[in-house]
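Labels run A, B, C and D following the written order; every chain starts at residue 1.
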Amino acid sequence: MISLLLIALPLLAAAAAFAWPGERTRPWFLPAAGGVHTALAFWLLANPPVLARDAWFGFDPLARAVLPMVSLLFLVCSIYGVSYLRLRSERKNRVFVTALLVMIGLLSLALQAQNLGLLWVAAEATTLVTVPLLHFNRTARAFEASWKYLLVGGTGIALSLLGSFCLGYASLHGGGNGDLAFTALVAQGASLTRPWLITAWVLLLAGYGTKMGLAPMHTWKPDAYGEAPGMVGALLAGGTTTMAFVAILRVKQVVDAAGAGDMTERTLLAFGLFSMVVAALFLLTTKDYKRMLAYSSVEHMGILAVGAALGGAGVWAALFHVWTNALTKGALFLSAGNLRRAAGAQTSDLVSGLAWRAPVSARIFVAGLFAVTACPPFGVFFSELKIILATFQMDNFFAATVFLGCLFFAFFGMGRLVFAIVDGRPRTANRPPGERIPEQPGVILPPLLFLGLSLWLGLAAPALLRAAWTAAAAQLPLPPP
Amino acid sequence: MTPGGLLGIAGIGLTAGILGAFKAPRLWLAATLTGAAAAFAAAVWALATGPVWDWQPGFVIGGEALHLRLDGLSAFFLLLLSVLGGAGTLYAAEYWADRDHPVSAPSARAWWNGLLLSMGGVLLCANGLHFLIGWEIFTVCAYFLITTERQRPAARAAGWLYLAASHVAMVCLFAFFALLAARTGGWELGPMGDRPGLAPLFWLALVGFGLKAGLFPLHIWLPSAHANAPSHVSAILSGMAIKLGIYGLVRFTGWLPVPDSAGWVVALLGVVSAVLGVAFALGQHDLKRLLAYHSVENIGIILIGLGFAMIAAAQGQAAWGRLALAGALLHIWNHGLFKALLFLGAGSVVHATGTREMSRLGGLWRALPWTASLFALAATAIAGLPPLNGFVSEWLVYLGLFDAVSAHGTAAYAAIPAAVALGLTGALALACFVKVCGVVFLGLPRTPISRHVHECGWRMRLPMLGLGAACVAIGLAPVLFWPALVSAADAWQPGWVDDASSTPLATLGSFHLALAGLVILAAVLLWRRVKQNGIRRAGTWDCGYAAPAPRMQYTAGSFAGIITGWFDWILRPVRHAHLPKDNFPARADFAEHTPETVLERVIEPAGSLVQRLSLAVRRLQDGRVQAYILYLLLGLAALAILAVMGGPR
Amino acid sequence: MSGAMNLLIGLAMGFSLVALASSRLPSVIRAAAFQGMILGVLPLLLEAKFHWLVVAVAIGTITVKGFVIPSLLRRALRAANIDREVEPLLGFVPSLLLGAAATVGAAALATVLPLRPEHARSLLVPGAFATVVCGFILLIARTKAISQVCGYLMLENGIYLFGLLLINSTPLLVEAGILLDLTVAVFVIGIIVDRIQREFDTLDTRKLNSLRE
Amino acid sequence: MIAVLELFLRLAAWLLLAPLLPGIINRVKSWVAGRRGPPVLQLYYDLARLWRKGIVLSTAVSPAHIAGPALAWVALVGAALLLPVGQAGATLSFRGDALLFVYLLAFARFCLALAALDTGSAFAGMGVAREVSYAVLAEAAIITALLTLCVQSNSVSLVTMLAPSAGAGAALLAAGLFGVLLAENCRVPFDDPNTHLELTMIHEAMVLDHSGPPLAAILHGAALKLLLFAVLLTEAVLPLGKLSLLPALAALAGSVLLVAVIAGLVESLMARLAFRRVPLLLTTAFVLCVFALLVAWKGGMP
């Protein structure tokens, strides 16, 4: 019942917000809904419900392992959003707020969906509802970004639909009734027709991989993250991608059950490593600190894929990494948004000396840099170390080598850019160099909160979460060697 | 008072120091010094009374139960850390005071305590995960200390180079510890010599720790970092931070099995680092850069000792292995002491004159008598001359090498060239420090800047005096410090180093004592004699040249010219010369600069190659959505091939 | 029954080739529209028993794909007053040949993939794949936003076609949701196209490459 | 009591005999040149006079200018105490004293170099630079020589190292050590003790600004150093340890004399080398020592 509430509540809030007259007060819907949503999610985390056999959606172990993170992410972002929208009061925020609320509702639906078709519906809807968020700034660049997002993302999502149908047909042809419910598909197991199964996996991985941002389907990411407001970037990088990842995990569960585990492993590993390499190469010479975050996100999606490919311990580490990465990225995106406002530009050609211009945000950004490049005691360090550990446990030295090499190059590129914009002579595009930016607590505390969460996850991830991850990882057992 | 309590006090003191760093400098000073003193006491306790202090309070950090262990080896390094930390703290209180650096001083204090804490953590952690955490935090703290003067681009560049290099080391250590954990099934560290499968991990450790230690081909980050950091930071960096690399090597060569070739490789690296390090040092004209290169040299000497100890361990030759080991360990202390003293001295020179450029200094002994004499003392020590500590440790290493030679084993083939190289290194270091002392402190001021300067205050002088006293003490009474060596060596190779009987340290010490006494006596006598005979003052004779000017003094470059000439093949100095022409030359000038060859001739070209690759790849993201969809299709195709390839099981 | 269906599917495939071949944007739009309408009719033929939801879906599809979206696109077209695809990235003849090849390939692929007896003789699977590929060709080879939208439409038509395989098995609710999404997607795309036209006052996507590395 | 007495005896012997060698060498040179050279004891007179003379100090110098010579002199005396005299052994002998011996010489060099640089004279700088640079090669040669002795005596203590003869490699070792002796003591062909052209000086340039008692200390130290090397060379080659005391002493005296004469002959028959050739010669000495080491190694092999 509560799992339905998780979906319905934001949607109702969205409707209310849409109807709400007050421009100034409307943003408060965000933290309100976010707070309740988070409370519910964590309550469910603490005492998970029993799942109905043929439920359309439900708070199953996978949802339990990630959904609380998404709503936590949304909560902190929404706190940020209140101050942000006040700063941007020249824009009407009706659509923005509504879309945000719809988005979290649909995310909760997608993460809980127990039926491939329903999952696809939610995923596609999330794609569509993101569009107005992307061109909130109404600049030409924003329109271009949303156009590309829509076309590339739409194509990808269309492919995943085709894949879903193929899976259904695999079941149908294999003697099943073609139902897309996961439990049914898993139960059908090896009797799924192999060729259709493989086709389905290929299309679904490509489709949801596009949504997740695995190279070479990542091309929409830099544009979207570069042009969207910081908090939208955070939600995309932490929420939407997580949804896509969970979708892939669910499909993997089916395909593994059908006995094609080695194929899923092979393909996921290849795409994960490829994404890491591509991201590292792009990061090496990037000059735009918001697009940089996009490529970093591509890298971390690759890490997730690698983790998922390793199975067992790898999946556990990947779920752990979903949390750490999303929350750390949150800090980066929000502080990057502050810096963007402070500097009026986002490339190191135009900007430098932000440590003087916006001291707190700049410091948070640097801390976030270290956090996201696996520097202890932040969470990412622990999750990535666990994944590396898993690669070594699988004796996959090639993967480990590529992985570590990419970590270095990514750090090198990001570090060089970050210190280039943070240090040096104050130089910005929009303001006289002598001027400091007032940094309201409303836009400073949320990223700090994210950093704190990242630290907390790293040093003392509670047993409850670990248990949740273990339960989720147990659903994707190690493929038989 | 158990070491647990003392270490607790130390931790609390340092943490309190971090809190006090911003608002209450005095509190910071007191707390940090207390912490250092407590750590010192704990280390002494552990070294004096044998038992290993082992502490496992059930609480969990990052999924692993905290486990601290203070054995002989940790205590050995902890002692050095506490000494240098205390000295640097007191020094910084004046050298980097809020008065002169209102912006950077508070944060520098905080990072300083963070550095000390994390280094102590690295020494104490008996759990791989926590070791790694401490290691990385210490790396980052060091980065922010190196870039204390962020406004200077040179400092930022140096810091960035350091950080990037350290990240390579970090990646290697990731792999090292992860593999260790994957193989042993847990993060707990400890002796595991019974698992021969772990031997290959040594190479990862060698790169990871060697990069921090700054052994020769991996030293690229070291000179600029140590030169651009504030001097108390340089002191702890080259006195302690690079020793942590050595600690890692010693620690894990002691605990883990190593490949057969390990000892030989380490010894070879040691020889290369020693000779080339001092060669590069001779080429430098920047006081602190020069000192930094001497760190490479001394790391080389340490590694020679360690390498031969490893060879001996592999061959079961305790007789000479223990000498090499003891020499290496003692040299770790010694280098920490005199190199810190040298950097603090250089710091007080920079503090007074505001330049590190040796060719602009000169005759500073008048203005800075304390600094000058202590610097000269440290120079004598680092040149490995009796009766100071540098000689004692080098002498132990020599003994090991000579015994290895007279043992006529296979090790002799390596020991002979190593011994010769050690001799060369000593002579080169002597030349180098004659140059430094002569050019910086003796003669006449070359430029006005070094004329009107002042000696540093007591808070900068006291640490230097302390370090100097330590150098003298180890030199004159080495036998007193033997128990410490024994307990450290026992942690490495149990039951190897029994007592001082194997080395006549006592005799050497007494000889040093007598020598020191006689030296002072003779100096005094000669001085009194000179007084009796009467003194006339006159200008330097200079072979009757009428108008000698300070600028006519021999410069550092010309001094080292002969030797750097021999090493041109690796130093590749860049010279700009306008030589005087015809009878009445209008103007002539000569400038020489020795680049960091490995960095500029090897690393940077390789880096630019990767850069070009990256730039080429970026063109794929050309902004055309059609292309993006094409990539999507290609990805799909690749995926299909990948899925079908291999086929169903 | 299936004879009539195959006829319609063949027709749809033909329209996609027309869309590939024609340089005039209105005709591309028209082709996509006709294709959409044909697909709208199909479920009625396929569904054994008469179900109101199927009818609703069919009507919805026909109206949206056949009338609403085309008119939307035509409006954008008029606003931008262009009516030809000049200098496409891939010429018309090549793309036509490619499309034909794709159709053949799709048929071949369909033979590779095992089919249930009742589908064995229908053109559903090859038709679906062929349409999808043609959609991709339009998406990749054309520079005008309009033609890309049409490509996307055809892509979705292909998938829809494939979906008909499962029309009996997948719950209608899901089907409805899927169709709803597709239509909304095309809507949003149409809106964005309109916005782009206002913002850049062109529909030439080659102008849309300020975001690049 | 006896020990103290013996110590003073040895000390007296070293200190008093040292200034003899330069006198002998000069005698030989003047004999070859057919001149009536200075008396053999000339250096004694000079030292006495200098010890009584006043001193002219450069305005630039620091206390190191006085302290340096004193320290160097003490270091050399200490080195002398480590050197065994045939059967009688050394005053102080322990494992590793050989290395102490080498490093004491280095210490003396260090002190003199700093004392010289103290004046800030360009010539002093030049001389010091040459001195310390060539010492690098000499050091390598000496260490190699010590390794040779170590290989054939299996010991690191001078007393036992110098007891047996250098065996097969004796000639090579002798040649090598003789080269080092010339270089370390600034004799032709490395340096010309009585040149008057500062540009070509090494050791002389270092002491240009010294006068009075410090100069006396320097000169006496130099003589002592020469004697040390002569004795080291002799004992490294001859199996003095095998003889009983008096014959050993006689042999020692004779051969030291011989070394001095040879040095004198070399000095009068050879011209000094151009500076760029000096490293070559020193390297030759080093190589000779290496060959000696190889021979000893083969010989030492069971």
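The rule we apply is simple: contacts are C-beta pairs under 8 Å (C-beta built on N, C-alpha and C of every residue); 3 or more make two chains touch, one makes a residue touch a chain.
If you're wondering where the values come from, they're calculated on a predicted model, not measured in any experiment.
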Would you mind checking the shortest number of contact hops between chain A and chain D?
2
Using each chain's Cα centroid, which is most distant from the centroid of chain A?
D
When I count C-beta pairs in contact, which pair ends up with more: B-C or B-D?
B-D
Gap in Å, rounded to a whole number, between the CA centres of chain C and chain B
69
Please compute the C-alpha centroid of chain B, do the same for chain D, then give the distance between them in whole Å.
36
Rounded to the nearest Å, the gap between Cα centres of chain C and chain D is 100
Distance from the mean Cα position of chain B to that of chain A, given in whole angstrom:
44
Out of chain C, which residues touch more than one other chain, so two or more?
136, 139, 148, 205, 208-211, 213
Mind pulling the chain B residues that touch 2 or more other chains?
618, 621, 625, 629
Multi-partner residues of chain D (each touching 2 or more other chains):
none
Each pair of chains that touches, named by its two labels:
A-B, A-C, B-C, B-D
Quick check on the complex: what are the chain A residues that touch chain B?
147-148, 151-152, 155-156, 159, 194, 198, 201-203, 205-206, 209-210, 214-217, 219-220, 222, 259-260, 262-263, 266-267, 270-271, 278, 281-282, 284-285, 355, 370, 375-377, 381-382, 385, 388-389, 392-393, 400, 404-405, 407-409, 411-412, 415-416, 419, 423-424, 458-461, 466
Per the contact definition, I'd like the list of chain B residues that touch chain C in the complex.
618-619, 621-626, 629-630, 633
For chain A, which residues are in contact with chain C within the complex?
115, 117-118, 120-121, 124-125, 127-128, 131, 135, 140-141, 143-148, 150-151, 154-155, 158, 161-162, 165-166, 168-169, 171-173, 177-180, 193, 195-196, 199, 222-223, 226-227, 282, 286, 291
What residues of chain B sit close enough to touch chain D in their complex?
362-363, 365-366, 372, 376, 380, 383-386, 391, 395, 398-399, 402-403, 405-406, 408, 412, 416, 419-420, 422-424, 426-428, 430-431, 433-435, 437-439, 441-444, 503-504, 507-508, 511, 514-515, 518-519, 522-523, 525-527, 529-530, 533-543, 548, 550, 552-554, 558-563, 566
Flag every residue of chain B that touches chain A in the complex, lowest number first.
60-63, 129, 132-133, 136-137, 140, 150, 153, 156, 160, 163-164, 167-168, 171, 174-175, 178-179, 181-183, 610-611, 613-615, 617-618, 621, 625, 627-629, 631-632, 634-636, 639-640, 642-644, 646, 648-649
